[in-house]
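Order of writing sets the labels: A, B, C, D and E. Residues in every chain begin at 1.
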């Protein structure tokens, strides 16, 4: 126990990324990258035993500043999720990435995310937060300037909010470590507290993609290396979730004390939960209306994170556990989904639904993975998505919060809706003739998908594995039961029994099926077309606007767009800057990003 | 095992050049093997659930009536031409007979005229009931549809007693009708039936015509304005739903209609609901007309012209000339243009079915932008009858 | 072990049989409203035997077959969790949320199978089915929330027990509101007018079912029968006080009758109208119930 | 003077090239040269003949001509007008300008006339579009008087010769 | 596994008692279908009901004359139906052309193109006659003589030859492509 594991865990990806970037030989950079992503995962898994007894801390002193890191249960949970999804994504990237540039920044953002989870004071937290943002920003920048700019601006906005909040906290507390802050936050005045709360909400809301700060996510998720998106959605967005939990740790008790309770939850928590509910609905509805496979999953990711926010917001031990559970399942199925998307985009070169169709026949392995992911995300019982959703349902409804419950119910249905759209457009129906030579997933992607799919099933059938871990994080036994049973007292879920009976049901159905006459395979042109003969020249699949009725039903609401609002705001800021330039500066000006940055810096200085 | 790739490969091997797919829209064949179209086909280009483009594809019922009629004697044609309009076969009979009457210069006896009027009105009532059934089935309120078909059966029974056939009556012939009214009992039965159906109208109102959902389904769907309707040759209830008080029975009176008192229901909206409601009001008017006719009672006299030429029926010749006769059918203005060259067979017969105007261009234009769920409703509200397009 | 297997088998047979009888009742009562005689009550059984005995069947790929099998299997699974008098086997785990989910899963299987056929009508049907699901989810969710909050438990069995002690659910105002909303939702679950948008024979030729024939359709008939039984049973349990098998049967028939009568006199909504409808009145009623229950 | 005569006079004043007469009550008739038909129909439309009921083609085999009867109906006067014109019946000469811009519904009637008689209406872009007839009959123009309909039918459906072709006497 | 021939009487009884009709009104006889399905005649008593999808239908009612254009659709629809399937020709026209014996656009002998199990004469047949025909086909199903679908399989070459003679070789593709130029045009 000579070397502290924390710097290894945090820095291994970054070093690996640099090496890969420097060497930049096809084959070697992939191996380096995968190994450097595997180190944190392996190390974290290795440390599991040790952590049940003690925590590991690490302090680095640099020019008067102290950087504190702590590996404790909660951080370990998040870091393992991030490392796992990051590893799968990096594995996928061996197929999809083209040059060392991507390896560097993908691994850098992994470092950032791990650092965020293990940081134990505000400065290191902020620094790694920015490393993470920078790495991911560079990944987006390479693919699309506009999307990256939007991501950058909003991240900047969030970062400055955080900076101001940290500043205010530091000014009134004089301590930057989490432990010190949570104690000292009791001294804050009510209004300062509210301001800090709001700023944190913005800062973490941006990263978690909470409504109405989600607008960067669809563009950024879709305009980058698709394997990397798995990490983006599976790991990076978890930093936002972690941030929300930090709010509880840092100023939670004071907030609860100052602002009082709303029914059985706290007021400030209810706001988080309500934002989460809106995120579910808005993200889900928008996901159903997308025409681009990447955007659909980007919005879906936003929508699913809304569940986590609800769980965190409700704030009971059970609901926090449910939220953490859903964080895990979100990482598992979302990571899987984005790898599937990566495979599809990699193999077909198409991203829009209208160019796809009938791929199940051509990519059976990927389809099998997609099937697991779909069932998991939709919350079909023996998979992990259901277990976490079920916990969340029970946690929220048992707290007598009907409106939040309504959001969750709506969310589960909208999940079905957009998944069916994905399934229909990509896997089934008539295949355009130019996709006839599509091959199945390349091996690294297949392995990466396989790992995540397997975990989806394992944690689904044995949710007790996760529940035990969650109990130990919170230090009390909230979820009773054993490996297969989740027992909350007022509700029980037995995954194994359910699986057994599902198998029995399917066997019964299968017996009925196999007793019937043999089946004959027919092509897609030999279907009911009101009696008319058709050829493959007719388009027989609804490729565009599959949910047009929904779009029309929501026409009134869809007219309001926060994306456009921000653009308008940005434009007016730009106009303002133009005016300023005309009257004041007359100097050279690069882009309006800088204007906004300056304005925000001024604000930040004022706040300090 | 036939996969899509094999299909494509096979097509390529056969030297077929496969055109690329139109990926923004998809094609949907609506009919003929579909519950909403009776042997009529619309090819739809769809976007989501909206129709982008519609092409009517008629001709599944084409038998070449106009050609066949040129090779059949004048009287035999009755048995042929009535098959043009299946829901109310009395209309083609009547128009053809009226045109031939005009060519022959016959004054049809009053009794025959009265019977023809009664038959035409019964046909209108039965046709409207049949249409109500169709509307009910298409909207999903099967109860109304079933009731309507059941009440229509009463009229069918009366037709059977009068003419000997349920559907194809072959009853109205040039110069009068084929046989006289069977008995007074028949008239009483008709009166009872009229009363009965009139009584049941409010059931239809409750279930169908005044139903909240019906209104939601049909309001603002397939809207025509007056100019469009006139330009496109729209007639009958569809035209009256756009605010034109046009009815052949008033404008170009025939048979007993000048002596009858009835109203022309007119609505201004021009949407599917207006078209449906106009038909509903007309059903009431037709029952009222039948009541009046029955109150009047059949005039005495012959039921057929007494003309020596009829003795040599097979070689019966019609003087050269041309005539056009039209009546107000439930679908619209039904007309027959008959040209004779003085022979024992017609030289040219053209039947003008109203659906040829409603079912092709009007339909194609009204369907653009409609939802898939509106397609059957628009089709039904236009009262499209494919056989009179195809002939 | 043997006893459980025997009981499960009995439940399955009973549910299938009664489900088919329900289908027969639907057809007969509808026929009587139409002033017809209607088919014999065992007609659906004959239909199913005929469909299963078809000598040629088609498939469009593995999912086409598996979707159907999965739908039937999941329906059987859902059935096992719903309390049925004293003989149900998994009622200890009969969680409200679980059953609500399980009752929706078969639809997913059917949609998978339907969509894999590549037929545009099936695509339209899937679109409509999914949007119907989305539309009913909100009032359904609020109704379930109201129940869970009122009784403070998620266990269906405990809710039944509580009702037997304290009167039926519908005699409490919040749950009465929830029951109304749930009943309107049931209309869509049964696929009766005005919400039979998914199959709409006159519009989209049975939609998702259009490609199913032979044994696939036969299995769907069985699935429909069990689902009909399970849905009515669930309603009778959570809102109408449960009871022994016989009492439950009477309650189930009553639930069914309401659905038939509503279905007989209303035309079909279009899908966007149905969504707007569900998101308006039933949602308001159910949300009111849920809020009242939470106070 | 009856309203029919007034209408005929009014129209003839504007279209001196046409002949017109009153056939009977509510039926009037005009004869117009084929090349002036568009002008004439425009005049008719201005004179409140709002609706076109049909375009009838009569095949006068012995004259070697088609008679095209444009039948118009006026809701204002309740008068039915036959506008007749004659064109040669040879396939390559049977061409007419379309009137679909005057009476849009004429497009359908023109397709009908083309399908059965082979009259080509120039300017109607749907002329070649499949109409009622199936592939096999398209281009045969089966309603022309010189079309061997019975022979064609027998050949097509391989019916035995048990129907007596000369049997032109039928009994009702 | 199980010898299903043992159950054949039960299956035949079910087939007989549950005839689902393809909703395809091919001719004027379609007008008599609603009366048959409604309260006066009520075919649902015998377990019959119209079905929009041919995949699950058993009985194909050819209601009246058949034009070549319709016959193409009839053949396609017939081939979509699963075995065993039955065809009931309704009226004189499918038998020998009926009143359209000399029409260039009406089929004269339907049984040259698809097998017909029972034909009902008359123009148009009364609902009672149709019901009689249905009773006949039920009897035939029960004693196993309604074997049109077997004949179609066994003599497929002959039927195909007749169809191809009438429509020309490759008529399916030709018919399918007929509308493509008009659909692809913007």
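The rule is short, and it goes like this: contacts are C-beta pairs under 8 Å (C-beta built on N, C-alpha and C of every residue); 3 or more make two chains touch, one makes a residue touch a chain.
Values in this document were obtained by computation on a predicted structure and should not be read as measured data.
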Hopping only between chains that touch, the fewest steps from chain A to chain B number 1
Separation of chain B from chain C in touching-chain steps, minimised, is 1
Contacts shared by chain A with chain C include exactly B, E
By C-alpha centres, the chain nearest the middle of everything shown is C
Maximum number of contact pairs occurs between chains A-C
When centres are defined as mean Cα positions, the distance from chain C to chain E in whole Å is 35
Chain A to chain E, mean C-alpha position gap in Å, rounds to 57
Chain B to chain D, mean C-alpha position gap in Å, rounds to 22
So, in whole Å, the Cα centroid of chain B is separated from that of chain E by 26
Multi-chain contacts in chain C, i.e. residues touching at least two other chains, fall at 34-36, 53-58, 120-121, 124, 127, 201-202, 205, 210-211, 214, 270-272
Multi-chain touching residues of chain E, meaning two or more other chains, are 23-24, 38-39, 52-55, 67, 69, 73, 77, 102-105, 173, 175, 179-180, 182-183
By the touch definition above, chain B meets two or more other chains at residues 19, 22, 26-27, 32-35, 46, 49, 57, 59, 62, 64, 67, 71, 79, 146, 150, 371
Chain pairs that touch, by label, are A-B, A-C, A-E, B-C, B-D, B-E, C-E, D-E
Per the touch rule, the chain B residues reaching chain C in their complex are 26-28, 34-36, 46, 49, 136-143, 146-147, 150, 206-208, 211, 213-214, 216-217, 371-376
Within their complex, chain C touches chain A through residues 8, 12, 52-61, 63, 65, 68-77, 80, 90, 92-93, 95-98, 101-102, 104-105, 108, 111-112, 115-121, 123-124, 126-128, 130-131, 133-134, 137-138, 140-142, 144-146, 148-149, 152-155, 205, 210-211, 214-215, 218-219, 222, 270-272, 275-276, 287, 290-291, 293-294
As the complex stands, chain E meets chain B at residues 22-28, 30-32, 34-35, 37-40, 50, 52, 54, 65, 67, 69-70, 73, 77, 99-100, 102-106, 123-124, 126-127, 173, 179-180, 182-184
Counting only contacts in the complex, chain C reaches chain E at residues 27, 31, 34-40, 43, 46-47, 49-51, 53-58, 201-202, 205-206, 209-214, 217
In their shared complex, chain D is touched by residues of chain E numbered 67-69, 97, 101-105, 107-109, 165-168, 171, 174-175, 178-179, 182
